[in-house]
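The same chain A turns up in both complexes below, where it pairs with chain B and then with chain C.
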Partner chain A sequence: MTVAQFVFFCGFALVAVAIVAFGVVVVRSARRDDGGPFVSRALMARLARPGRDRAELQRWAFYLHRVSGLGLFAFLCLHVGDVSLYVISREIYDEVHQVYGSVPMRLAEVGLLFGLLFHTANGLRLVTVDLADLGLTGSTRALYGVLGISVVGTLVGAAFILGPVIA
Partner chain B sequence: MTVADIRGDANSARRRRAAYVALRLSGVLLAVLVLGHFVATHVTTDVADTDSRFIDRRWATALWLIWDGVMLTATLAHAVLGLWTVTADYTAGGRRRLWRAALLGGAGIVLLGGLALLWLAATAT
Partner chain C sequence: MGEAATADTNAGELLRVTVTRSADDARSEFLVTRIRPMTVLDALLAVQREHDPAVAFRFSCRVGMCGTCTVRVDGRSVLACQTDIPADTVRIRVDPLAGLPVVRDLIVDTGPFWQAWGSVRPYLVPGEDADVGMDGEPAVIAPDSAERRAIDPALDCIGCAACFSSCGIASAHRDFVGPAALNRAMVLIADSRDDATAERLRVVGAESGVDRCHYIYGCSAACPKGLDPAGAIRRLRGRRFRGDR
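Right, the complex of A and B next:
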């Protein structure tokens, strides 16, 4: 590992720390204000019942939307930094960029893709709820679609991202 | 309540509405730009091949320069607007002002740095 790659690694570690720290802030605030993000037996029983009870999922979508949003912003700051190396020195850029092709970073990219897809699909759902007034049941149903798109899209993307290193 | 207060409320409401609409409009724009960017760098090209020669080819066309410039600006606007609300939810008083200053400062540095990068790359050849 060269010095430039090590600096990039430290930057990536900072992004990870920011995501975890913000996740803690969101969860602690949720415990204080929303009755808690506890995965209790009562919650599971509610989610098992179709219909209005599953609207509870929207609160979790809200938490995930926030945490993924902060994560994407933190990664953007790092990413603009590493692409900036292109005008400073192409050699250093290529050196740092090799990290993107490594197996651990490819796994992180699959995580990034899930964050992107969930934040995008859920954001479009929120716009739709604003414009079309879906109601509680409709917007919860739309959330199933969001989760489906995120999971399926991530799996398809993972095939493209991880394919070259598995084969 | 004086006339000035009422006008202040109306201005504040207008500002909030503008921020609310801007957050969603930039979000819809980013859905296309960012996912397109991800597809271009991970699906149609393997990520290991997106080296400096890939950037040479990409930034030789005005389309991708404009794409990246608009994407960067819209992302930072979207991030500032979204995190502005987040700071309102989780912080108060002096700490909130501090986080908001850090947010604006950080986003400003990334925006200027990124646009300078695009400008330098576009004029280098």
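Right, the complex of A and C next:
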């Protein structure tokens, strides 16, 4: 591993730590301040019941939206940095971008893809709630669509991203 | 934990009640005898009567009118007097409302909720030229009018603060007027007899107004009177591009 690659890895580790730390803050503050339930069997039972209880899923979508938003922003900052290496030296740029082909980075890219798909689709859902005046039921159904798009899109993307290293 | 609380829960005959206490050394787990049907308020009263008279909670009317007994049961903000404990439930956890300062055990200071409520001037302000007074004719909104259809489903708020506690923004001490106040603002803005629309629109359009809502829908899901504060917020936001009152 070259110095440039090591520095990039450190930057990426920082992004990962930021995402995890923010996730912990969100969940802990939700537990302390929020009206939401604790992650418990009672919550799972509520999510399994049709009707108003299932709207609780939207609270967790809100948390995930925040965490994925921070993750995307942090990664974007790192990515702007590593792409701008091209201005400094093409060799260093190539060295750093070889890291993207490693197995750990590919796995991280799958996570990034999920974050990107979820954040985008959920953002569009929130816009639709306003524009189409979606109520509790409609908004919950739209969230099922968001989750479906995110999961299916991630699986398809994962086949392309991980394909070369699995084969 | 007391001796009774360590006994096995007996096939629905006993109910384990966990109450969040404000004093760290206060007992928080209790086993009470099941009655059927049994509300959360019944369980709390049984705890107070049979185990610890110092457990603090509020209640008054017992019929879901006063909005006094709101607590969180397994995370959900509910009226204790109106919430049945399902027959197959053997344990419940009762917490004070979220986002409001705890006075003691399950009693919270609802001051921040009422402060937000007051910020939207929650009463009808008649116009200067309105015919008011004992001899005035009552101003009528026809029962079948669009105005009435907008207003009616949003009335009947009892100020229980379940929506405030269920809101991921208001309860997290962020600067947000909250669902109940915005629901009340929508009712008065939609009312053609009211003359303080401009003032209310300034409040709901400000930084702490409708744009703070992230459509978590905790408010509409939790409202014990079946109101839809999130719908009121959508209506207020929709005024920008639909132009309705």
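By our rule, the second predicted complex is superposed on the first by the 164 of 167 C-alpha atoms of A that agree within 3 Å, B and C clash if a C-alpha of one lies under 4 Å from a C-alpha of the other, contacts with A are read in each partner's own complex, and residues count from 1 in each chain.
In this section, a contact is a pair of C-beta atoms (placed from the backbone, for glycine too) under 8 Å apart; a residue touches a chain by one contact, two chains touch by 3 or more.
Just so we're clear, the structure is a prediction, and the values are computed from it rather than from any experiment.
More residues of chain A lie in touch with B than with the remaining chain of the pair chain B and chain C. By the touch criterion stated above, A:59 is placed in contact with chain C alone, chain B being left untouched.
Contacts of A:70 after superposition on the shared chain: chain B is touched, whereas chain C is not. By the touch criterion defined above, A:27 reaches neither chain B nor chain C. In the superposition on chain A, A:133 makes contact with chain C only, not with chain B.
Residues 29, 126, 130 of chain A touch chain B in one complex and chain C in the other. Taken in their complex, chain A has these residues touching chain B: 25-26, 29, 66, 69-70, 72-73, 76-77, 80-81, 83-84, 86-87, 90, 93-94, 97-98, 100-101, 106, 109, 113, 116-117, 120, 123-124, 126-127, 130, 157, 160-161, 164. Every residue of chain C that touches chain A in the complex is listed here, in rising order: 72, 74-77, 93, 97-99, 165-168, 171-173, 214-218, 220-222, 228, 230-231, 234, 237-238, 241.
Partner chain A is touched in their complex by these residues of chain B: 24, 27-28, 30-31, 34-35, 38, 42-43, 46-48, 50-52, 55, 72, 75-76, 79, 82-83, 86, 89-90, 106, 110, 113-114, 117, 120-121, 124. Interface residues of chain A facing chain C in the complex, by the touch rule stated above, are 29-30, 33-38, 40, 42-43, 46, 52-53, 55-56, 58-59, 62, 65, 126, 129-131, 133, 135-136, 139-140.
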